[in-house]
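One chain, subunit A, links the two complexes that follow: it is found with subunit B in the first and with subunit C in the second.
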Partner chain A sequence: MNFRLLKDKILSKLMLVFTLASVSLLVIIGIGLYYKSIPIIHRLSWSELITSSIWKPLKGLFGFFPFIMGTLWVTAIAIVIALPLCLLTALYIVEYAPTRVKRILTPFVNLLSGIPPVIFGVWGVLFIIPLIQIYIAPHFVEFSTGYSVLAGGIVLAVMIFPLIVSIISEVLRTIPQELKDASLSLGATKWETIKKVILRKALPGIIAAAVLAISRAFGETIAVLMVCGNNAAVPHSVFDPGYPLPALIANNYGEMLSIPLYDSALMFAALLLFIIILVFNIISRVILARLERRLAA
Partner chain B sequence: MTQTPHISVQHLNVHIGAQHILKDININIPDKKVTSIIGPSGCGKTTLLKSFNRLWDNTADVKITGKVLVDNEDIYAPNAEVTHIRKKMGLLSQRPYPLPMSIYDNVAYGPRIHGIRKKQVLDELVEEQLKATGLWNEVKDRLNASATRLSIGQQQRLCLARGLAVGPEIILGDESTSALDPVSTAIIEDLFISLKEKYSIVLVTHILRQARRVSDYIIFVYMGKIIEFGPTEEVLLNPKEELTKEYVKGYIS
Partner chain C sequence: MKKRKFEELFFRILMVLATILVAGSFFLIVGTVFFKGFHYMNLDMITKTPGGGFYIGKEGGVLNAIVGSFYVAGGATILGLLVSIPVAIFINLYMDGKRFLSNTIRMAFDVLFGIPSIVYGAFGFLIMVYFGIRASLLGGIIAVTLLVIPILVRTLDEVIRTVPFELRDAALSLGSTRWETAKVVLRQIRPGIFTAILLSFGRAIGDVASVLFTAGFSDNVPTSLHEPAATLPLAIFFQLGSPVEEVQGRGYASALILTIIVLTITILSDILIKKFSKHKI
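Showing the complex of A and B:
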């Protein structure tokens, strides 16, 4: 066989191997986490682990419900705050900003994503916590230390901001000028065009951006654990402290491992996080596919 | 041309970035006629057409000087209201761009924006315009289906209906048949001819046969300048200018 063709063939196979290797990593991690969680799953059932709110490792009681709720609260708050702001920012950058402003704004937004999470954490402790404790919380509840799921959500919102803005901007840029012209030439204003044409066309892309951001937010650890209070109880308001799964793992892994089953419990926490992200991604993919089909239909 | 012009262009200059695209354009577009703008690609035909409804407003680096009078109103005057100007003109672009909504909503889009809310009025308008563009019988049973489901020729007629629904006086066509098959092209061309009873039509085309078939007047643009303007037969069969002669014969393109 010709040497050049051989080289082509070998390289393509090699790439296939590497691709398969990286894909199988997902499966391997899943299996690994499950394997390590077996001791605690055998002691307590799945349903008990997930629905119980009692976290007393010394007594052998491991209820993960507060952590699951902590994760969901913080992530939900983050996306509720971030998504509208990001959408407006992206719309401004793509549709309204003059070229010069655009050139300055875009690197600034991207720079945000380069800041290490721990700095966001420190910023949260220094600014967000007092802000909530002194100015926001007193209007709504009797007492809050400021360390709360709201603080976690705000810090997280800032952290996912650049990701969402850049994805939505990309999506908006793919909308053909002719489509916008079609609406404008009928006498629509820019805002009417955005509201009725651009956003409708961009909806699947906006949802995809949110999905990616939420997936990232689920796993964000250090900045969140610095501000959200880390109290193993289900939060009942945004001013209550929470304890998301990643924070639980990061705070405790490598410490109190002398407690029986603790090691396995933390692995189970990781498995839960893994499953939450997996399920979330599958569901959002289904929704996205349906939406795209409906828009095409 | 003794009649009053519908669009009157006076000393129009368009710069895009450092390029001088249109150079001192002076032209009167006749009322209730089909006027074709012909010329080689890149000569400024589309730029000229888009300057009639201020579609350059949102593009960076475009500088426009001079006057474009529509019904004796300068559309580039500081107090001119752009939505009002655009409502007077329906634009039909190179490829159909149906809005991401149903067939019905596409036609009703313009009227709704301009304040028509009553369902009965909208229904009548939609039916009237879909009939005017010969689409009614093909789509009357699926008005709520997505517009992207239509064939590309049907989409282009839908876009025309959408433009007519806001009650314009002028139709601007920017190589409106270039993406279409011959049958759809013929339908659109026939529509232009029948619509000139009610509308002034300005078409950009690089197909001479099309210009000849549908237009009453021809403007020949070359390198950003108007070389010749006159009745179709005269410009195509008996051009006064050397450049027009060469273009018509196919020596320059």
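Showing the complex of A and C:
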């Protein structure tokens, strides 16, 4: 009898340790990356690192501005493409689609989310790049190789489809049927109900989905790296190449240890990503948790 | 009146088009990869390691990368399970009456799930430098384990929450300790554990950014934990960067292999989820 209680006690402590250890990973990653970026933060200040556009590692000049802009461009393009499409898709799946269609559609969204990033990259190179180079870019600019922030944005948009669709659908399902019925019984059409009742009610959830998708897009590495052109300059149009932060880290790990301060600079890039994504994630998770609580109440 | 009907129709068509585009993108991607990769696919690709002139277009395959990927993903999933099963049990069975705390922990794992793999890769690299481990199978497994722990915890947590409270109460009221109750619950969720394993394995086998710094690359199948290991996504990335057409083609074929592996895993887990929900009490 005592032995059983003892076993329970010991195991409970052990599990507590595992839980605390894995949760504290969140803090440890931040500390570790910060610790490694101290040399470069001391050498150049935070503001200089973030606002300078000169990237010459061999001369000890590390300006992250082009990379931050590269990240913002691809992310903005991705979300502008993906959010309206996914909102419409989620509305269709939840409000309009007959059960049979729903049952066919859901697995595909699921399958899409399982496809590895590198495959999206391959698809980008084979499909999106020629599409931009031959069919889209000639209408707007004289010459483009196709490797551009637009290509990165499109590939990213497709990658975040499943995430946005699944979150928005879940949010839409939490809206009480009574509200919809009330609107419909007053003579509103289905679309008017969506516009004036459902979307208004679902707005926080849609924002949360967008924020979560943005943070996912921020950190996406390999697919963007393969189609973005990787030129360390601030892009000025969607057909310019860009060089997002994750691509910078991934592309230069080889030389990292041979140039002084380079490793510190790359860890600083990882730290920047980590902080931005952490903040965005916490914001959206808090909104979603609140919605869930409202549903439970 | 007419305008309202027109607006309704307009948006309805827009919704259908958007849905076709979103769901269709899956076919577009898989179709592109199949179309391009099939042409370069042969038996050598999956049965041979790279030969002498592999990178200038001579004979060989990517067996090294396939096996390496399975080692990394398998090792990480096993290690990840060892950590996440206790965590999931702890949150659900040992934290009664501490709802706020357990929900905070859940949210922490949600946030960890959102951390991109490149950050896990960079952090894994820091750990390796700290302990003096070189780029190797072991390093790759460590980084990928960090990546899959949040996936496993979230999935297991969700599965455990589907077990009816009555079952736990019954076990507890018969005098069993919480650990003994946990064993009852674990037996209930066995198919759910398989689903979690498949999900984690699928994510692990397709990820590049986390193994980039940590696993290294090698033309041989690794025979120990301290040897560098090739991984399939990384092999695809390298081959695509080659100027030789034949090598690029092999990159497409490797992409086809990876796609088939991952789709098989996803479909298997879908089937398991359906089966699981059928036999649930």
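Note that in this section the second predicted complex is superposed on the first by the 252 of 297 C-alpha atoms of A that agree within 3 Å, B and C clash if a C-alpha of one lies under 4 Å from a C-alpha of the other, contacts with A are read in each partner's own complex, and residues count from 1 in each chain.
Just so we're on the same page, contacts are C-beta pairs under 8 Å (C-beta built on N, C-alpha and C of every residue); 3 or more make two chains touch, one makes a residue touch a chain.
Not measured: the values here are computed from a predicted model.
K.L.:
Looking at A:Thr189, would you say it contacts subunit B, subunit C, both, or neither? Reply first, second, both or neither.
P.N.:
So A:Thr189 meets both subunit B and subunit C here.
K.L.:
In the overlaid three-chain picture, which partner chain does A:Ile50 touch, first (subunit B) or second (subunit C), both, or neither?
P.N.:
Touch partners of A:Ile50: none, neither subunit B nor subunit C.
K.L.:
Specify the partner with more touching residues on subunit A, choosing between subunit B and subunit C.
P.N.:
When the residues of subunit A touched by each partner are counted, C comes out ahead.
K.L.:
Go through the superposed model and pick first if A:Leu88 touches only subunit B, second if only subunit C, both, or neither.
P.N.:
A:Leu88 sits against subunit C, while subunit B stays out of touch.
K.L.:
For A:Leu131, select first, second, both or neither according to whether it touches subunit B, subunit C, the two together, or no partner.
P.N.:
Neither partner.
K.L.:
Quick one: classify A:Val234 as touching subunit B (first), subunit C (second), both or neither.
P.N.:
It touches nothing on subunit B or subunit C.
K.L.:
Who does A:Arg200 touch here: subunit B (first), subunit C (second), both, or neither?
P.N.:
first
K.L.:
Counting contacts the way the document defines them, which residues of subunit A are shared by the two interfaces, the one with subunit B and the one with subunit C?
P.N.:
Common to the two interfaces on subunit A: residues 189-190, 192.
K.L.:
Could you pull out which subunit B residues touch subunit A in their complex?
P.N.:
53, 55, 58, 60-61, 83-84, 86-87, 89-91, 93-95, 97, 99-101, 109-110, 113-114, 145-146, 148-149, 159, 162-163, 166, 172
K.L.:
Under the touch definition given earlier, write down the residues of subunit C that touch subunit A in their complex.
P.N.:
Residues 4-5, 7-8, 11-12, 14-19, 21-23, 25-26, 28-30, 32-33, 36, 83-84, 86-87, 89-91, 94, 103, 105, 107-112, 114-120, 122-123, 125-127, 146, 149, 153, 177-180, 202, 205-209, 212-213, 233, 236-237, 240, 251-252, 255, 258-259, 262-263, 265-267, 270.
K.L.:
For a test of understanding, state which residues of subunit A touch subunit B in their complex under the given definition.
P.N.:
It is residues 98-99, 176, 178-190, 192, 196-197, 200-201, 295-297 of subunit A that touch subunit B.
K.L.:
If you look only at subunit A, which of its residues touch subunit C in the complex?
P.N.:
Its residues touching subunit C are 4-5, 7-8, 11-12, 14-16, 18-19, 21-23, 25-26, 29, 32-33, 36, 84-86, 88-89, 91-93, 96-97, 105, 107-112, 114-123, 125-127, 158, 161, 165, 189-192, 194, 212, 215-216, 218-222, 226, 246, 249-250, 253, 266-267, 270, 273-274, 277-278, 280-282, 285-286, 289.
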